[in-house]
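The block underneath contains the structure these notes are about, expressed in structure tokens.
Each chain gets a letter, A, B, C, D and E, in the order it is written, and its residues are counted from 1.
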Amino acid sequence: MLSLMKKPAKKAGLSPGTLIHVGEKKIDQIRIRITEYNDSFFEERELAVIEECCECKDASSVTWINIDGLHEVSIIEKLGNQFNIHPLVLEDILHTEQRPKMEVFDDYLFIISKMLSYDDERKTINTEQFSLILGPNYVLTFQENTGDVFDIIRERLRKQKGRIRKEGADYLAYALIDAIVDNYFIVLEKIDEKMEMLEEQLTENPNSETMQTIHHLKRELIFLRKSVWPLREVIGILEREELRLIQAKTTVFLRDVYDHTIQVIDTIETFRDMVSGMLDLYLTTVSNRMNEVMKVLTIIATIFIPLTFIAGIYGMNFEFMPEIKWHWSYPVVWIIMIAIGVLMLIYFRKKKWL
Amino acid sequence: MLSLMKKPAKKAGLSPGTLIHVGEKKIDQIRIRITEYNDSFFEERELAVIEECCECKDASSVTWINIDGLHEVSIIEKLGNQFNIHPLVLEDILHTEQRPKMEVFDDYLFIISKMLSYDDERKTINTEQFSLILGPNYVLTFQENTGDVFDIIRERLRKQKGRIRKEGADYLAYALIDAIVDNYFIVLEKIDEKMEMLEEQLTENPNSETMQTIHHLKRELIFLRKSVWPLREVIGILEREELRLIQAKTTVFLRDVYDHTIQVIDTIETFRDMVSGMLDLYLTTVSNRMNEVMKVLTIIATIFIPLTFIAGIYGMNFEFMPEIKWHWSYPVVWIIMIAIGVLMLIYFRKKKWL
Amino acid sequence: MLSLMKKPAKKAGLSPGTLIHVGEKKIDQIRIRITEYNDSFFEERELAVIEECCECKDASSVTWINIDGLHEVSIIEKLGNQFNIHPLVLEDILHTEQRPKMEVFDDYLFIISKMLSYDDERKTINTEQFSLILGPNYVLTFQENTGDVFDIIRERLRKQKGRIRKEGADYLAYALIDAIVDNYFIVLEKIDEKMEMLEEQLTENPNSETMQTIHHLKRELIFLRKSVWPLREVIGILEREELRLIQAKTTVFLRDVYDHTIQVIDTIETFRDMVSGMLDLYLTTVSNRMNEVMKVLTIIATIFIPLTFIAGIYGMNFEFMPEIKWHWSYPVVWIIMIAIGVLMLIYFRKKKWL
Amino acid sequence: MLSLMKKPAKKAGLSPGTLIHVGEKKIDQIRIRITEYNDSFFEERELAVIEECCECKDASSVTWINIDGLHEVSIIEKLGNQFNIHPLVLEDILHTEQRPKMEVFDDYLFIISKMLSYDDERKTINTEQFSLILGPNYVLTFQENTGDVFDIIRERLRKQKGRIRKEGADYLAYALIDAIVDNYFIVLEKIDEKMEMLEEQLTENPNSETMQTIHHLKRELIFLRKSVWPLREVIGILEREELRLIQAKTTVFLRDVYDHTIQVIDTIETFRDMVSGMLDLYLTTVSNRMNEVMKVLTIIATIFIPLTFIAGIYGMNFEFMPEIKWHWSYPVVWIIMIAIGVLMLIYFRKKKWL
Amino acid sequence: MLSLMKKPAKKAGLSPGTLIHVGEKKIDQIRIRITEYNDSFFEERELAVIEECCECKDASSVTWINIDGLHEVSIIEKLGNQFNIHPLVLEDILHTEQRPKMEVFDDYLFIISKMLSYDDERKTINTEQFSLILGPNYVLTFQENTGDVFDIIRERLRKQKGRIRKEGADYLAYALIDAIVDNYFIVLEKIDEKMEMLEEQLTENPNSETMQTIHHLKRELIFLRKSVWPLREVIGILEREELRLIQAKTTVFLRDVYDHTIQVIDTIETFRDMVSGMLDLYLTTVSNRMNEVMKVLTIIATIFIPLTFIAGIYGMNFEFMPEIKWHWSYPVVWIIMIAIGVLMLIYFRKKKWL
């Protein structure tokens, strides 16, 4: 996550619409899955070659084609041609550094968003680009990796759970986006746990590692915000503007996802506020502790310096020092020294320095 | 209040509209209270089972059904079916992590807001989700807990105080929201008291606990803001847009609640500004005090170090040190030492270091 | 000014429109003054009981009723009934914790704003709520205290100065608001003086009291901002929207007050920027001075520590220390010590540490 | 520049439209200059009394009356009467503490802006209020001082340079505003120079004076911003809204000034960002240098303290100290001391403390 | 890059539309290149004198005239006259300190933007003004320097790559702007690399140079933001408003560039957030390290000061000190000293100061 950019620069200067994959290759084998369904019919297949899917477009049922893995440009290109997708859209799908956005075309809607997941091992947030094309009766989706986020939707389709089989392609698109946004909450929860741990660490034993954790959390929140913020606008447009491809009855569901997105953003902003509060707390705690140390140590030194001076006085070798020869000098000096030390301690305590 | 999220993630992946209770179970027994009234008639009952309330819907009087406790999903579901409420609305009612919002449906308005109360024992703010459905002649309200916030309104209904018995369901909805917003002021007052105490502590004796209090206050304000801010928009829409279910004569009352909400937000913002000012004051006070300590202590040490050096000189055992044998050496050295000490003090005072 | 809230909570739960006075009782005796005038006629009276003013409403001249002191609720109520004022408006007038606002009713406009004055003795800003009701040919004004802010307007009315006697009730309302906004400038001027003094103190001799002054100023500016900011919107609406009760020829005057309000807000914002700049300056000045002290003192200590070590060496009592017996040891050690001290000073100066 | 306000308070309470001069008297003698021109005709005169200019108003040529010095209220008043100017406008002209603004009247436009110049001697920014009234074929301008900013425009008029003689009064107004905005760039350039110097000082030898310079720069930028920001809106309205007095062909020129104004504001904002960056850099540089000093000095002290302790041990006068009598004790102690010192240095260096 | 302004002040006072070159002269010889093409025809020429290009304007093909170098004002003027360009536009082209902007004229669009490139040697960002005039069938472009940014487009034109030869002048304009925005990504990538290096340096070995790098990065981002931010609006207008000179089919491409611009701005803002996070991390790391050093050193000193005091006690020369003569005094004192030292170490460790 250190670098924010996956070298989009290698594209600079190419003719617009030139298809080239920008991003990591995350899986070996591209996987094409096609799901066709309507209220009474359901079929799920995995395609070996993209050409097989050509006939599905004009069917009366809803067709969902999901492609995992973007590194084989030709597959995307062929699919794009079959569904008559604008080259710039294909370019955006392949270039995995897009900002979430929506574009309205005559025949289809194009939506890009980010899928987030929390990598428990490496303790970081993984991000993956998700592109969706919504046509009158088809949905095309593109992922960088084979994920299990949509398995729950496949399950619902298979088992006819909820209303999904009765609705059109727009409802499927909604369900997919909803699944993505639901996943954001899992990531937020992980961050919430981290913050609780941090809060505890902060009140009990803040050390220099705490600062690193705060810094890391801050960066994760900057990153999260960048990924989620634009989605708000995307779903807002989907819900508010009367788009031809979105049925009126789906709008209420989109409003629900919209609310969730706002809640995610709200939580991120609250987290940011809290992290900056933690930074303040950390800095004052550390400086308080340091001050405490320095103060006590300096006080010890300060008490002994005048005493050492007195001892130094009577260590002088002058021949004519009358006190030297008096019998009670030594105990008297001890008494004076103890008195000075005690008085200083009283003074310090009175001044509340101790 | 440490954690901002009540694990909404356990819902991720469920079909939209699936009813599940998200949140703490705050009371043992769900309590259903039904109040029916018009200008001349008033009845208050407590229901054992939800089915009893079915006939009330078409009555000419205003019906208010209040449910305390959300953990029995089936009750909410049955009520929802009777009043023909959208499943997504029921889902939101049960999921107690909603952001305050309003949704307009054909037959009813749906409003979610937060009820806040100050827990004097634990010195924290308690929050509870309050949902309200306003139909043509009924109001459904859902609370997580049995509270006494609305007792005052029941009292008014019973005793025919004010205009409430003469008005419709929209006025009742207004009265309930007004009661909630009035309660915010009580919470703000408690925070105001805390801040006064903090201010006093800050000028008299700031310690490391002060920082904890400031930090805690800051978090409470972040939390408050998150709960109240969206309500402004909700009530703003209620007041400004000409909704079919809100009568014109109720609008002036809604404008009044709207003003109160803005006042609450204003006060929260002012509190935030003041807390950040307090943090600055705390930091400079602590560092000033620390500097004061360090300075005085260092000055003491600095004065004695040259004197100890002089004493060290005449503690050397060289055989040929002429001063050693002179008769007045010892008093002269004392005088020199005192002179050096006094001169240094004068110098420090002149430089205003003391 | 410590507390921002005058316990509005004691109202929580009351039926809306219930009249109750919230705020301090600032004067003993409520004072009712009624002024009637037109181009050729002028009468000023002080009323003993509110009932006397009933007949004035339908007169062809402009009637201005001013009430100082709000603690006798019945007076406000009777007046309200006579002029047919909405109960919520009366409630707002009595509740002296309102935010500046304007409300448009069919027969009248209702405006709330804050009167500010600078208390030279206690060095704080006093605030007082001012409410104004503007009807077709009457103006009702409510103050908490008997002030002299409007004396100048009474004078103008009496002496037929300017155009005020020739204009209608809307011009009178304008003149009153103008007088209030003009007063803000006096308060700003006082703050300006304070800031000049602070600036001087800051460059000459900043001490821990300076910080308190900065903190105090900051709070006063937060407070001022809260009082003035909403007024901008109020006057903006008065000026821009074509309200029936405001004549076109008065609009140009309202634009003038609007400009003044913006100027006040502008100045407050600039003051805030400057105060935060002063805080920075204070902190760096204090820390620079502290560093200066610590550095010089540490340098003195550092020079003498090695010298004391040398003196310690020759204070050892070993029997076989050849230097002890040499004749020139003592002066040679002195020379070495002085050389070390001088070299260190040169080194420190070269490094610009001194 | 210390005080932001020129005592506008002395006006508080006066009847609106009362003419009174608020501000410094900057020149002794008011100077009235009248310039009349059209494509073929040009005349320039200096008037002794304001009454002479009365006949010029209805001429077919463009008339520009410029008044330097505002302290003789009667002159402004007479001119105002002749051109039928609203009293509030005259009041604003005389009150030199106005915020830049524009007001549209039926017969004329009224524009207020600030003229800025850099005083090279006192190293501060001077400000002067400039008011302009644009009528159908006349322009009235009011300055506080006799400046040379408009000499270039007079020159252009005299020599028929550019298109100015061919255009109407609106073009003249544009040319005057353009000259003022051009002057802002000169002030910005001076600040730019200051900032370059400051940057240099900051990397080479930051001292406590640097902080004062940063603070001063910050205040100047606050001040500049306050003067220029509202002008943006003024010129924006002039350019965008189709005002009767502005010809379409002049709009393109106004757009040009508008761009310049935005550029000025942009630069001010960038300067502000940079100054706050410099403040950070200053603080860390100073604290780094201080830390460096403290560290080296403390290390010296730390090395010698254990050594002095060892010397102290053998300075004790116990009768039975076997080491005292050994022959090689003295050189062995020396070796031990040197070894300790060297080991400590190695340790410190290894820990990168040195 | 130190100075933000290239002395635009030398223009102040000139008649608007006066052509004068403001900026550095970056190349010796102005280079005029003319490219004419349509679907079937392509010609590229370099002109010696500007007069040669006069006949090209009315051709049916698309004509692209590119001028590198702006110091010969007469060339720009002649070209401007031929294409009937407004003098203010020519002035803006020559004045290389413009803010990115767009202006719509009847016959052409005028666009100014900034070309950025990263100078690997001097490690700074170079900026160059790029002006573009888009007419019905011609594009005029003006650069300060001969760059290779557009070579890729010439190549595409020559080789008939992509759709560029089939489209009109508006597509060419789009392609040029796209090339410029693509270049921004290369600059961002360089900054990204710098930030990764900085992050590494920060966790491994932060020194005072790190602060300089952070400061430098911050300034570069301020500078970048200033250059790119206004471009967003420019392209936004091009895309959204239905301009006569932009064909509908080009709009989808402009939307693509618009998205890229937003992505650039997003990345800059994220970088700014991250740099300010790095500053925090740097400051705390440095202060933690310093504290660590100071603490350990002070502890060493503190342990030895009481021990030295004890040694000083028995260095006193009193005649009657009974311990002096006891046989086991010396070893007992040693044991006491070691005990004190060990106890202090245990105490410090227990308090977690060590």
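By our rule, a residue touches a chain if its C-beta (ideal position, glycine included) is under 8 Å from a C-beta of that chain, and two chains touch if they have at least 3 such contacts.
Computed from a predicted model, the values in this text were never measured in an experiment.
Common neighbours of chain A and chain E under the contact rule above are absent. Superposing the C-alpha atoms of chain D onto those of chain E requires a rotation of 70 degrees, given to the nearest 5.
Our note on geometry: chain A versus chain C, Cα centroid distance of 42 Å, whole angstroms. If each chain is reduced to the centroid of its CA atoms, chain A and chain B end up 26 Å from each other. Multi-chain contact residues of chain B (touching two or more other chains) are listed as 287, 294, 298, 301, 305, 308, 312, 315-317, 321. Across the interface of their complex, chain E is touched by residues 152, 156, 161-164, 175, 178-179, 182-183, 185-186, 188-189, 192, 196, 199, 203, 252-253, 255-256, 259, 262-263, 266-267, 270-271, 273-274, 277, 280-281, 284-285, 287-288, 291, 294-295, 298-299, 301-302, 305-306, 308-309, 312-313, 315-321, 351-353 of chain D. Only residues 2-5, 7-9, 11-18, 86, 88, 92, 97-99, 101, 103, 205, 208, 211-212, 215, 218-219, 222-223, 226, 279, 282-283, 286-287, 290, 293-294, 297-298, 300-301, 304-305, 307-308, 311-312, 314-317, 321, 323-330, 333 of chain C touch chain B when the two sit together in their complex.
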